[in-house]
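Below: the structure, in structure tokens.
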Amino acid sequence: MAKVVRNVRRTDDVIVRGLGEIGVATVHEAQGRKGLLGSHLRPIFRPAKIAGNALTCEVAPGDNWMIHVALEEARQGDILVVTPTSPCDDGYFGDLLATSAAARGIRGLVIDAGVRDIATLTEMGFPVWSKSVSAQGTVKETLADVQVPIVCAGCLVRPGDVIVADDDGVCVVPAENAAEVLEKARRRERIEEEKRQRYAAGELSLDVNAMRPKLLEEGLVYVG
Amino acid sequence: MAKVVRNVRRTDDVIVRGLGEIGVATVHEAQGRKGLLGSHLRPIFRPAKIAGNALTCEVAPGDNWMIHVALEEARQGDILVVTPTSPCDDGYFGDLLATSAAARGIRGLVIDAGVRDIATLTEMGFPVWSKSVSAQGTVKETLADVQVPIVCAGCLVRPGDVIVADDDGVCVVPAENAAEVLEKARRRERIEEEKRQRYAAGELSLDVNAMRPKLLEEGLVYVG
Amino acid sequence: MAKVVRNVRRTDDVIVRGLGEIGVATVHEAQGRKGLLGSHLRPIFRPAKIAGNALTCEVAPGDNWMIHVALEEARQGDILVVTPTSPCDDGYFGDLLATSAAARGIRGLVIDAGVRDIATLTEMGFPVWSKSVSAQGTVKETLADVQVPIVCAGCLVRPGDVIVADDDGVCVVPAENAAEVLEKARRRERIEEEKRQRYAAGELSLDVNAMRPKLLEEGLVYVG
Amino acid sequence: MAKVVRNVRRTDDVIVRGLGEIGVATVHEAQGRKGLLGSHLRPIFRPAKIAGNALTCEVAPGDNWMIHVALEEARQGDILVVTPTSPCDDGYFGDLLATSAAARGIRGLVIDAGVRDIATLTEMGFPVWSKSVSAQGTVKETLADVQVPIVCAGCLVRPGDVIVADDDGVCVVPAENAAEVLEKARRRERIEEEKRQRYAAGELSLDVNAMRPKLLEEGLVYVG
Amino acid sequence: MAKVVRNVRRTDDVIVRGLGEIGVATVHEAQGRKGLLGSHLRPIFRPAKIAGNALTCEVAPGDNWMIHVALEEARQGDILVVTPTSPCDDGYFGDLLATSAAARGIRGLVIDAGVRDIATLTEMGFPVWSKSVSAQGTVKETLADVQVPIVCAGCLVRPGDVIVADDDGVCVVPAENAAEVLEKARRRERIEEEKRQRYAAGELSLDVNAMRPKLLEEGLVYVG
Amino acid sequence: MAKVVRNVRRTDDVIVRGLGEIGVATVHEAQGRKGLLGSHLRPIFRPAKIAGNALTCEVAPGDNWMIHVALEEARQGDILVVTPTSPCDDGYFGDLLATSAAARGIRGLVIDAGVRDIATLTEMGFPVWSKSVSAQGTVKETLADVQVPIVCAGCLVRPGDVIVADDDGVCVVPAENAAEVLEKARRRERIEEEKRQRYAAGELSLDVNAMRPKLLEEGLVYVG
């Protein structure tokens, strides 16, 4: 009894793009170091940096049928997030599906499984974060759910949550927190920019962050 | 009692090159989704796309002696396929062997073990698909077989079979099937090209492939 | 009772740079095939090729406090070598620390754990060899030792030992052997250059290295 | 801003025990093949078979402070479910914590990280499903949440959900479905028992499950 | 176009049992250190020691349909050897199939994938060597071949070849070599028994095997 | 130019046995959470608990020649510690070598590679901690060092250091610290015993260890 949930509310694209510009590491810090998908998800080309609304899709092992179903649900600015119901490295997604996904406004793919045709995907500039690359194709036999909350690479992703992805990996921001996280992330960026300039000028982080007293208190000793 | 089998029959290079142009994913589908080597074999640089006749070579763990022996057996258009007799990540092959291999007409290397000097191999444009990169060299102490059927990365490869390798991985096509697989793969390519154009125009694969009735029959439900 | 050892003696930079030009594979062979760090350490961009004095740093899992401490100990030409006290994939090091490290004269980072901000590190041209890429940040709570002998990626590294790193991986040369290893490595390079020319001209390594008698003696048989 | 949620509602122990008697494989099937934690979680001794209410606990990498906090929240019949905020293999839990957990009525531990003192835990008969065994201890420095929804080994677990664990692995049943899943699982068991007797008597599953027509339809051929 | 090959010739059970008594390590040595399946295949209980004729079976990822088909082909003394067409850890085989397999005379299972119900399989004494244990069940949708040559865990296995499996792993002996390998293995056992007695009496293998001259020749030095 | 270092000083067996009785987890804590070998080393049978003087031995990949050499160096109470010069899973050690090792007074084996004949080793009660089990045998071609400092499973081990191994893993105690570590470990055991009794009586570790103030200070909040 698989289902497709329609009319999922998306997060405002101004916020989404704002998060995308900032990137994964800072967004992840800004939301309290939560929401990071497993670091085994790697981009097929670099640099790559996108953000979008999660369009979630479960698939059976070795079976990409539901990706075909999910594409119909796409809206401009979505990122397709795919998770297999048991671990699988097969190539679920290739240049044909990428052509269709791009035509439907999808900005990229996050998949805890494999992809193929990566030379073409790279030429197309269609960004993908995947667990593996494999030419092993899939069948179309088994149903699963589309646009329901899923766990992808160890992280809960709900339809309409914001996905931020870059060379460092993939992070999810719950839709209801997106505006606040963006604000915090921007503040964080400003602080980091200040530090960067001081570090570039040769100042030490021990001084910039006033770490020396606590190091002493914890018992650090200098010898030699 | 190791042996080298000489005078192995090669597959016609017109067919070989035809398969190489098409690439791994489509060739693999065209031969009934068989013959794919394990996806842990990755190219040392991208893009890379070759096809050739398998020149097979077994090696002992940490010992590349038989690669030296295999090079003498090379013919123009061969791809060297190397498998260790027990799992090993050492760097069996570097720029010296690549220089010799290229001089003997070998188009590239597929090895279920490690390689080294990859900066130089990249500059040379000598393509390699390997399990690992490792500067760990090898000894020359133990014999093994050359130009016999081997299992490489989970797949049976016989001397003279066609190896197709690109950014997606490595596939083997049995010599006796090569012509037929090429024909099927070309047909497949034509069908895919048609689909690509329809997808690019915004049509859905659900419609292009007439999937809706079977989805309904299997019980897919749309909600929300 | 963690400690920082100061005033560690460095190896002469003429020797260090000499080893760096030669590269990992040849240096590793020249010192008797010892001192190679685990091949799971991979560069975040390629090509990359550096050598420097080891500035060693232990860190707790998920805690990069001691890297901040280590940066104060840096001298021009050092390479920061970081090892966690138990296995960890977190992103210990990003663009802020890289900015500081570069300003303090550090040539690169070798870490048996994760890094982040790799797009920026790549733009900066700050080379890193790491076990993983992860946006997962770290805390600053737990002390560990700086500039003491450590085991990094399966290899003993002492402060002031020479680190050589390139696309093939990372190698450590004990300070006391560095001059001798450089000499042997250069001799090796000359021999390899001669062989390379003979191989390029089509000569076989079986002949160049006079391997045929031993192959025969071990019992290799040619058939077919 | 870490938090502990108190007064979490538990699932009725009659249902919990019912699910525990049936075991993971059948419960997992009965709830539509969902809710299985990653198969890298293995029992430290066999046989082991328990069920209980999830007492959820997040921990920082290399830091078991929150397990101490979680023990206070235990009720008779709970199973402690621990997940690190980034991957870690350290030994978070040993015989002292097991003594305390057992005294507080906890039936066992599920942890996507390491445990230690497993000889003693085995003697005590305190069952544990873990990712690793490691004597590496942990610090007590960093807060995290207790009794909030967590993702453990790729699966969403909410406080008060039912955990079923045996030699095959670990499964979570959402509290609101527990009664219905138990009923379905019992029905499934009865059907399986009938099949088992027919199989033991030599009947083939092809006949018991009437598979022959579909095999024929799909095109299976018998040769030789 | 999947097929089942019938009437496969089996190897004489006297030879099969002889190989089984000797065990994997010695049989593997006796046939020239070939034929060992990957060491990731581990027994679900120990000790376990069997030998039998290979009944080979391919399966799709997450799909055990063909195991049902294979059971009809079983003869007394077979060992079922299962390989997925792409890597998969799902639990393909549980107590129901084991009941049927045992009733049809199958001695055990070798599978480069997962199994479940291992508590029951252990009670039944039905031996299994698998890559993983997983409660994740499978579907019955996709055909594959039965009783054809397959690659299982990196090794070619043909129907009717002899499978030897014990606590050390799994080895295949080609049917045509089985008698000769048995003879060599027995000879080897006798030699090993003699050595065992000399070692137990305190003699050194350096002397028993006359290794000292070659060690000296290779340049081994004693210091201290 | 491989060498064997003779007349290595051993640590007093009274201290060694004392450390062995206490076990790995407590010894590891007592020496400041250092010296733990990688948790991928697992015992071939459980329970197992030994301590002894390290008899160190390097081996080439797939080559156990130096183990034969090392056995001559054994003294009553040694533990053989073997590390390959590059990663290898082969079965370096089986029942013949175990028979010899036991006859020479060796208490067990720690090896960052594979072993075989584990059914016999289990019957003999000869304890082994290894990375893998594999029937794959080895050759005797390449020299390496015996009784020199080695890195085994990520940890420096010097001849005559104390090895402590049990179900939790393997720990090394530098010879010069052994007496002091034993004293600290015993003190630790007494403290742990007190805690164990209080925990068994239902007291919480939050109270026994007075953790509540620091939790409050760090900002832990109780809700619900």
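Order of writing sets the labels: A, B, C, D, E and F. Residues in every chain begin at 1.
In this text, a residue touches a chain if its C-beta (ideal position, glycine included) is under 8 Å from a C-beta of that chain, and two chains touch if they have at least 3 such contacts.
Predicted, not measured: the structure shown is a model, and the values here were computed from it.
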item	value
Common touching chains of subunit E and subunit D	A, F
Same vs different contact residues, subunit C with subunit D, by half of numbers used	same
Between subunit F and subunit C, distance of the C-alpha-averaged centres to the nearest whole Å	28
Centre-to-centre distance between subunit F and subunit A (centres being mean Cα positions), rounded to whole Å	41
Whole-Å gap between the CA centroids of subunit D and subunit F	31
Junction residues of subunit B, two or more chains touched	1, 33, 36, 85-87, 89, 134, 136
Pairwise chain contacts under the document criterion	A-B, A-C, A-D, A-E, B-C, B-E, B-F, C-D, C-F, D-E, D-F, E-F
Subunit A partner contacts - residues on subunit B that touch it in the complex	23-25, 28-29, 33, 36, 39, 42, 46-47, 49, 166-169, 171, 192, 195-196, 199-206, 209, 211, 215, 218-224
Footprint of subunit B on subunit E - complex, ascending	1, 32-34, 36, 38, 85-87, 149, 151, 154-156
Residues on subunit E engaged by subunit A in the complex (per definition of touch)	60-63, 85-90, 134, 136, 139, 141-142
For the subunit C and subunit A complex, residues of the former touching the latter	1-8, 65, 68-69, 71-72, 89, 91, 94-97, 99-100, 102-104, 114, 116-119, 122, 132-137, 140, 143, 147
